[in-house]
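Here come two complexes built around chain A, the first alongside chain B, the second alongside chain C.
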Partner chain A sequence: MGKTIAKSSIFLNFACVLISAFILIPVVIIFLTSLDPAKYIRFPPSGFSLLWYEYFFSNKVWQNGLLNSVYVAVLNTIISVPCGILAAYAYRKYTFKLKNIFNTIMIIPYVTPSLLVGIALLMAFGRTILRGTYFIVAIAHALWSTSFIYILMQAALSNYDFTYEEAAKDLGANLFQMFSEVTLPLLKSAFIAAILFAFISSFGEVTMAIFLVTSKTVTLPVLLWTSLKYELHPVATVASVICIIFAIVIFMLITKFFGTGMLSKIGM
Partner chain B sequence: MEIAVETRNITKRFEKGRVVALDNVSIYVKKGEIFTLLGPSGSGKSTLLRIIDGLEEPDSGDVFIDGKCVTHVPAHKRDVCMVFQRLALFPHKNVFENVAFGLKMHKIDKNEIKKRVEETLWKVELNPEIYALRFPHQLSGGEMQRVALARALVLRPAVILFDEPLSSLDKRLRDKMRVELKQILKRFNLTAIYVTHDQEEAFVLSDRMAIINKGKILQEGTPRELYEKPQSSFIANFLGDTNIFKGVIKQMKGNLVIIELQDGICITANYTETPPISRDVLVSLKAEKIVLSDRPLFENHLEATVKEAIFVGEKIIYVVELNKELTLKVIEKNFGKTWRKGDRVLVNWLPDDIILIPE
Partner chain C sequence: MKVNVFQKHRYLVLYLPALILFSVFFLTPFVLMIRMSFFIGKPLHCYIEGFTIENYLRFLRDFYVHTRLMFTLQLSAPVIFLTLVLAYIMAYAISRSSGIKRLILICVTIFPIWINLVVIAFSWQVIFARYGLINFFLTNLGIIDEPTPLGYNFLSVVIGLVHVCLPYTILTLLSVLDNIDPTLEEAAKDLGATKFKIFVEVTLPMSMPGIITGAAFCFVWTMSSFVIPSFLGSPLQKTIGIEIANQVLTALNWPYGSVLSIVLLCITSSTLLISNILRERTARWAKQ
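What follows is the complex of A and B.
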């Protein structure tokens, strides 16, 4: 037995290296290109400089884009995390009428193409005072994100025993005490993962945002997209690197708090 | 006689009223008494316990604790504590914090908490110096049981509820914990309601017990009363190994009744209380009350053939055939003369051991 494992692990290692290299190619290319001082995007790069990084952080438009993305992501997190968590909690804990229909409705935004959601919200709110606000972008993101957190929390709650909460009540805990002493500590890592997922999914989203932002509220991914489409300006590579770094850091945090087990459970 | 807990006409339905979990259930538990609810799974016994604890509300009926009506008082304000089937020790809290939980929720002073938790851990025979800082996953099954008990005991509730907490243990440990649990409850004169589907557990623990099936209390009394005087064939069947026959009363003289089981096979029984009403009766005879012999021992004896002899260690289970349609289960101690398959024997019993079931 031990021998077979040792033998196959050579192939396994080889395969792992190959696949990792394949996955990393775009990231590496973008990263190297972002360090090229040339005035247009090309590969391989001709030199090494932080010129475009300097440009990115001194340019008002890109700075605003980054800030706008953070605003929208934070707003989306504030809206979608409580909604998603509470919906999943209610679904698991209680029996109520039309429970199956409720479950389906909660999952619909997750499976609806975001392009349609973007257009629909534009048509619905395009002529109202909400047009072009952070709020409407965050709402669009929250639709998807609530649905996703709902699914994520279902997975977390499938391992959660509600008897702990009954035991707490039985021993004299009121609702608030029960939540802070039992529910919160036991589900802490799931809650943190939900927050991080909500943030990153909104931070990098472009399809819905592109319909809903104005020049004032334009987010980083939208800026990136327009810049690539109309100018092919090299600062776009810097913006890409920043998006990637955000994503990587947050996924590392998620695996730290949540473990990889939960990710496989929800099919990520 | 002081009553600790009483339920009056509790009815509870589930699934939009389609399933009746409890049907007009009234029980009472005296102070210092261990009362057991014995019933098969799905009989409603756990639901009744949860209603007494406040985790469920009844559709109708009332719950009284220490004479006060608590039907609409939420669980966290009731003077009762439950030991859960899966124990539900908080996995993120150590033994001390688990036991201290209830006191902390009631905002008891820190020093007082420490004193009471340690005192209670001693009561359940856990040395606080060794166990206080351990987490539930570092405890054995028996130790977890003790912590769960301590967590309820420490609040000194009017009544402690047990929802089959021993069912996850292996048989040997379960037998040991049962006796210990009874000793602890009795030593501190505690009132308890214990729910189980295990007859032996109910008999070991109970001062009084009730048998519940399909949401109805069928009979209540001491374990011996229920065992010796079942009022329905369900109870006769449920408790112990029982032979139940249909019969027709042929003759009554004094306290004696002669019952014909089948053509020519007649038995004599005593009745002590009310005489049977109809001629058709059910008779019950416990397997261990029958003695096999080769010579007649008592007045009631019939010829039979041994069909099966099953050796189970301390006892031997026989299946004997009186005729093609009448077989009896007999349990004898593994002592003295034993029988083999095919042996012709006499089955003997005392008229007192035949129970007429009023049905």
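What follows is the complex of A and C.
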């Protein structure tokens, strides 16, 4: 009996290593090729240099792309974090008749294909003053992001004890005091995680952004998209690595503040 | 009186920012899209205001779009199958492990979610390229003499899409597998069931809700995929998503693009709706 268990777990471990490799190999490959000074992208790299990193950081177009991505991501965070958190808070704290309907409405943008959301926004606002603003790109991201934060915060708030707030109120605290002295300290790590999630999901978003950016507001992933459509320039590997580094740093911060337990709630 | 309403419906105040955001920037654009689908489509002119059902009639007789729709449906089958198999193995392994091993496996799973699609597509291009990773190994091991380009075909699109779908599907399956009561498997073991029998008759049926949801999401993502197939596929692998983007961005025929978008939206939302009903049914059935 013990033998069969050991046997099957060896198979399982082996399969796990293979699947992990499948998930991680593309990232490793991009990182290695970005250090190749050659003019053409090839594997294995012909040498080691930071040539294309220098090129990336001295090029105005790529710099702008990076900055635009940060602007959009920050704007998206400002919009989506309060929306998502407040709604999740209401869901956990109050009981009301239409709770299920509200819940469904909140999740719809999360499950609607971003291709279609991007197109709908382009058609609705592509000929208004919102065209070519950071705002419209950030709003597109905020739809998805708000839903996402709502789902996450629901999970985070399921362990939250609302009686502490009641106690503070009974002791004479006003709404602001209650929030700053009770709610904020208790939910600090969840709030930080929400901010990080909002930032990174917007920073890497490309499908909606393709439809909504103009040459002035083009974000890094869209710049990567357009440059790769026309030529395979090695600087694209550097841009990719920068996207990956952002993802890794934020991911590490999220695991630090939030723990992986909550992270596994992302699945539907 | 007004204060009273807010006192009574405090939840509404808290939901309000999100509801305003969604109604102005989500619901309104989709309603406008329905109106757009009845405008007169003129290539390169975006649209001309008016009313016509010509765009819908064009969809019914547009053979090329039908083939793209069929192709995307065909594409979704291997993507769903491969993703489910790989995701199930990984999720099963995570649910059966604890401590640092579980932590590492979850991190590996989740981390690619925030790497953007272009980067993922691009790295697979480098792997499949004539002077890429796979050719490097194949030529060095002497399996082939000359490097040949491996990308830009059906298989490379499938692999790219599986890579994108995998993290979410693993998490969906994991949340189901984590909730299976381990005493049930113990009980089956005590009754003399073999490991294989336990898996087929206990674990697999119990995880059916997760499998249904996972499959539905893989289907929706493949149907609406656009970035991955346009990088990893040849013109033969044009998905309906690419064709829609084409109508909107290149052909500049917004009314026809709207019609195609609405068709795709109907396909994806009905899939999710049906999968939700199935999920609840199987969840109830699994409990019994």
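Following the convention adopted for this analysis, the second predicted complex is superposed on the first by the 241 of 268 C-alpha atoms of A that agree within 3 Å, B and C clash if a C-alpha of one lies under 4 Å from a C-alpha of the other, contacts with A are read in each partner's own complex, and residues count from 1 in each chain.
By our rule, contacts are C-beta pairs under 8 Å (C-beta built on N, C-alpha and C of every residue); 3 or more make two chains touch, one makes a residue touch a chain.
Only a predicted model underlies this, so the values are computations on that prediction, with no experimental measurement involved.
Once the complexes are laid over each other on chain A, chain B and chain C both fit without any clash. Contacts of A:Ile139 after superposition: chain C is touched, whereas chain B is not reached.
Touched residues of chain A were counted for both chain B and chain C, and C has more of them. Using the contact criterion defined above for the overlaid structures, shared-chain residue A:Ala173 touches chain B, although it does not reach chain C. Once the two complexes are laid over each other on the shared chain, residue contacts for A:Leu224 go to chain C alone; chain B is not touched.
In the superposition on chain A, A:Ser34 makes contact with neither chain B nor chain C. Once both structures are overlaid on their shared chain A, chain B and chain C have a minimum Cα-Cα separation of 10 Å. Those residues of chain A that touch chain B in the shared complex are 161, 163-164, 166-174, 177, 181-182, 185-186. Within the complex, the chain C residues that touch chain A are 9-12, 14-15, 17-19, 21-22, 25-26, 28-30, 32-33, 36, 86, 89-90, 92-93, 96, 102-103, 105-120, 122-127, 129, 131-133, 136, 163, 166-175, 178, 195, 213, 217, 220-221, 223-224, 226-227, 231, 241, 244-245, 248-249, 254, 257-258, 261, 264-265, 268-269, 272. Within the complex formed with chain A, the chain B residues making contact are 53-55, 74-77, 80-82, 84, 86, 88, 90-92, 101-102, 105-106, 151-152, 155.
By the touch criterion stated above, chain A contacts chain C in their complex at residues 4-5, 8-9, 12-13, 15-16, 19-20, 22-27, 29-30, 33, 40-44, 79, 82-84, 86-87, 89-91, 93-94, 96, 102, 105-106, 108-109, 111-117, 119-125, 139-140, 142-143, 146, 150, 200-201, 203-207, 210-211, 221, 224-225, 228, 232, 236-237, 240, 243-244, 246-248, 250-251, 255, 260, 263-268.
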